[in-house]
C-alpha cells in the first residue's frame, strides 16, 4: 500500500491501515514516554485516508514536483503523521521508535525534512495557528505558476482559537483559493477541557461560511464518508473548502475515548497493554513487538 | 569553599503555583488568565479553587495579554500564564504596546522555558525570551533558580507596579538549594559562593549547574565566585562591576541563546564599566531539538561541564591579558 | 456642553458639535503637518454622539470610578478623539495645536494619561487590533466586581483584518459580555485601497453573528440613528453588541469624501482653506483662527 | 582626515523600492506581500507593474509571514514588506517557527524603523527590532546606511538562501554618501574613515551622524576610525576585534534601544575577544514620543552630538584604564 497509486486502495484496507496506525501510535508513545495520545488516535482514519487515497504523492521522492502539499498545522498531532508517513514508505517503520529522542528525525513537533526533520514534512509546526497561512502562500504560488497541485492543511479545533487562523481563512476566502482544503479535527477537546468550556467556537460552520468558505461536515471515523467529503471539497470551484470532521479523541481505546485528559500524555505500560488489546492487530503488522505482548495471530505478523 | 546543598527536587513551576495559591487567599484582586495549558503551567488548582477569578481565554496569547491589560486597568492583579515561547514571542507586540508602553502591572508567568523542556523540541524551547523581554522599557525580567526562589520571585512581583514583569521558569523538577527563607530582592544579585579567580554569573537552572561546577573547580584549586543573577532587568550592575574588579574574569551561564540574554546584559555592563574577559555559557545561536533535558544541556553546552570549561578558558585569557 | 449631564444635549447640538469637531480636525492637521484626515473626519458625528450623549463621564475627573470606558482600538484615528476630548472639557482646546509635536500630550497615536498622554485616554493604541482584548479584560473585571459601567471599543474596518480582533470577539462572545459594545467604522476604505480590494471582510454582519454577537447596522452620520443603535446595543442582554456604522472617509470635504487616499495625509493650506469653506463654522467656535481665514460670521466667534 | 561627502538626499525606503523594481524585471520569481501600507513602504509601484505577483494580505502581519513561507516553499522569492514594529514584533513567533526554524529564504523588508519615524510616536518607533531579529538562529540582519547601500543590501539579500533576512531601513530622506558603487558584502563591515584614537561602529542612519561627529572630533584633534557595520548578523567580529586592538576604545551608535542591539552585539564580541572600554549611543531603555526626527534624535541621544560626547567619554576611560 505504499507508493503513489492511491486510488487503488480499498476502503477496507484504508480502514485497516487506520487501525494499524493506532497501534503504532500506542507503541511509539510507550517507547518515547512523552507525547500526545488523544488527538493522534482520533485522526488515524483521516490520515490513512489522506495518505492512502487522497494525496497525490511519491514516498520515494517526497519532493516530487507534482505532489499535493500537506501541512499539519497542529504540530502536537505529529505521532499520527509519523506513523502514517512510515506506513506510506517515507522512512523505515522501525524509525518510529526514535520519536522524541535525541538526534531523531521524529521531533516532538514536526521539523521539515530539509533541516533535521522527517521525510514528508514540508515546514515546522508546533506553535499553533500557523499552518493555514503557509498553505495559503503555497496555494498562491501554485496558482501563479498555473500548477494543479492541491494543498491540504489540518487544524485542531482548539487551535482555531488562534487569531492567525482567522487571518488566513479570510485571505483564502478573499482569493477564492479552490486549490485549498482545510480539515478541522472536531473532537470537542483541547488541553484544559472540552472546547465549549475553554472557548466556545460554535457555530463553527457559520463562521467558516462567513469567511467565504465552502463547508462540508462529516464523520472523521468513517473512511468512506471522509474520502467523499474530501473529494467534494476538491471538486468545489471558486472558494476554498473546509471539511469539519467529527472525531473522538483517543478513538479505539475505551479509557481514552472522548476524554480531554488524554490530550497530551502517553500511556504507561499497563495502559498500552490494555489499549493494544482493544485495537486488534492488522495484516500490516507492528513495527515492534514488546516482550510482554501476548502471542499475536499469525496473519498479523507480516506486513 | 562553602558547600551548597540541595534539599530535594521540585519544579520551579510548582513554586509559582504554590506562591500563587498562598497569595490568592489574601488578595482577592488576583485573577488568572489561562491559555489552555492550565495543568502544565499549574494554574489548574487556582481555577478549581477560584473559578470566578479564573478566565479561560483559549489558545490565544495575543488576546490574553490585552485582556490582562484591561483587568489591570480596573485594579485587578492579572497573572498571564503560558509557556515561555507563547508568553513572550507570540504576543510580543501586544506586550509592548498594551503592557510595557501602557505601564500596566501585569505578571507574565512563563513556564516551560529553556532547552530543558526537552522532548517537545525546538518549537517549544523558549531560548529567546530573555532577549525579547529585556529589550522592552518598563519591563522587569526575573529568572529564579529553584522552587523556593520562584516562590519568592512571584511574591516579590506583587511589588512591581510601574509596568509588567516577566517571570521565567521551567518544567522539570530541579534541586532546591536557595533555602526556604533565602534572601530575595528584585534587582539585587545574591552572592552564593565567594571566590577570587573568576566570577560565574548565572540565572535560572544554570545557577545549580554553576554550584556543581564550582565544586569541581574547587577541587582543582580554582576559586570562583558565584552570583545568582535572578533579576536580568533591572540589572545589578554594581554586583557585576565589583566582581569584575575583584576577580578580573567573568563567566555567564544561562539556558538561553548566546545573543541578547544574561551574558549579553553582563557584557553591556562590563563594556561600559570595567571591561574584563568574559565567556558565555549559552546555546550557541542554534535551535534546539527533542531529547531529555539533561542530554540536551550537554549537547547544547549549557551544563556544569560547559561552565567548568568556560571558567578555565576565561582564566587563561585573564592571565594572557 | 461639557460635564456629565449628557442626556440633556439635543440631537441638533450634537450634530453641530460633530461639525465643529470636523473643523477642529482640519485645523489640527494643518498645524501638525502630519496625521490622518480621512478616518477622523468620518467619525466626527459618532464621537460627538459618544461624548455628548452615550458615555457616562466626568471630564473634570477622567478617572471617575463610575465612568464608562472608551477604547479607541484604531489609534491612528486619534485626531477626532482629541478634538472631542477637548470639546468635552478634558483639556484646553488650545492644546489641540500641539498634536504630534515634541513634548505634547497629544501623541500621534494615543498614549494613556497616566504616562505622557492625553487626559481621557486609558491605554495606548496605534498598533492595530489590540483594543478589543483590553475592552474584554475591562468587562471581565467590571463583571467580577458587579459594576454597572459600560465599555465601548471602536475599530476601523480595515483593522478587522487583524486576527487578534477575532480572538477577542470570540472571547467576548464566549463570556456573553453584554457590558461591551463594539463600534465598527465601516467606511470601506483602508490605506492601500477600498476594503474589498485589500481584504474582503464581507459578509461582515454574518461574521460577527457567527462569533455570538448581536449586530446592529446604522448610518454613522445620522446622529439620531447612531444614538438609537447604541442604546439598543446597550440594552441587549446576554451577548455583546456591535454597531456597524456606515460612514464616509473624509466626510464633509468634497475632495476627500469616500477617497481612501486621504487615509493618512493632512491637508495643505490650500486644501484646509477649501475644507473649512465646506464645513461652516458653528456656534462652538474654533480653537484657533488663522490669519488667512476669511472673516467668519459673528455667531461662530464665541464658544 | 578623509572627508565623506553627501551627494544629496533620498530615503532608504526608496532605495529598497528602486532595487526591488530593478530585480523584479529579471527575476519573475520575486513576489511581494503587502500589508496595507504599500505606499508608505513603497511597494505600490511593484503592485502596479506586476499585479499578479503582488499579494495584498490586509492588515495581518502574522498571516503575511506564513504566506511568505508558503511562497518560498514553492520556489518564489517572497518580499514581506511592512513597518519595522509590525514586521518584527507583531509576527515574532511566526518568523521564528515558519521562517527561521524552517530555514526559509524570505526577505523581511522593514521600513519606518527607529525613532526618526517621528510624529507617529512610540507605537510606531521600532526600537527593539534588531534585538528580536538577531536573537533568532538562521536569521541575517542588515541595516544599511543610505539610499545606495539599501539598494545594494536588497540585491545582496537575494544571495541569502539558508534562512530569512531582515532588512532594516527608514522613512525620511537622508544624505547619500556611500556612493553608487560602494563596496557591499553581507557580514563584512566597511571602514569609512581611518583613525587611531577610538573606533565608532555604527549602523543605519547613525553612520552619517558618525561621519559628522568624526569631522567635529577631527577639528579637536581626535582621530576616530569609523566602521559602517551594516550587517549586525552575522557580525564582522574580525573588524571589531582589530579595531579594539588598534584603537583601544569603541563607541557604538544605533537608532535602537541600548539593550540587545548593535552595541550589545559588539559588547558580546569584545567580551569574548578583546575587552576594551565601550560607550553606547542608543535610546536609553525608554519609549519614544511624537516629534520630528531631528528633534527626537537629539532628545533621545542618538545624534552626532551624542557620538561626539561618547567618543570623548570613552577616550577618558581608555586613558584611565
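To keep things simple, chains are lettered A, B, C and D as they appear, and every chain counts its residues starting from 1.
FYI, a residue touches a chain if its C-beta (ideal position, glycine included) is under 8 Å from a C-beta of that chain, and two chains touch if they have at least 3 such contacts.
All values reported here derive from a predicted model rather than from experimental measurement.
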Starting at chain B, how many touching-chain steps does it take at least to reach chain C? 1
Could you work out which chain's C-alpha centre is the most distant one from the centre of chain B? C
Centroid from C-alpha atoms only, then distance chain B to chain D, rounded to Å. What do you get? 30
If you average the CA atoms of chain A and of chain B, how many Å lie between those two points? 36
Between chain A and chain D, the Cα-mean centres are separated in Å by 42
Quick check: what residues of chain D touch more than one other chain, meaning two or more? 57-58, 60, 62-63, 85-86, 90, 93, 96-97, 101, 122-123
Mind pulling the residue numbers of chain A that touch at least two other chains? 111, 124-127, 161-164, 167, 170-171, 174, 199
Chain-level touch network, classified as line, ring, star, complete or other: complete
Interface residues, chain A side, partner chain C - complex: 161-167, 170-171, 173-174, 199-201, 203, 206-207, 209-212
Of all residues in chain B, which touch chain C in the complex? 31, 52-53, 55, 57-58, 60, 62-76, 78, 93-94, 96-98, 101-104
In the complex, chain A touches chain B at residues 32-35, 75, 100-104, 106-109, 111, 116, 124-129, 158-159, 161-163, 190-193, 197-199, 264
Tell me, which parts of chain B touch chain A in their complex? 34, 36-40, 44, 47, 56-60, 62-63, 85-86, 90, 118-124, 289-292, 295-296, 299
In the complex, chain B touches chain D at residues 85-86, 89-90, 92-93, 96-97, 100-101, 122-123, 128, 131-132, 134-138, 250, 257-261, 263-268, 270-272, 275-280, 285-287, 321
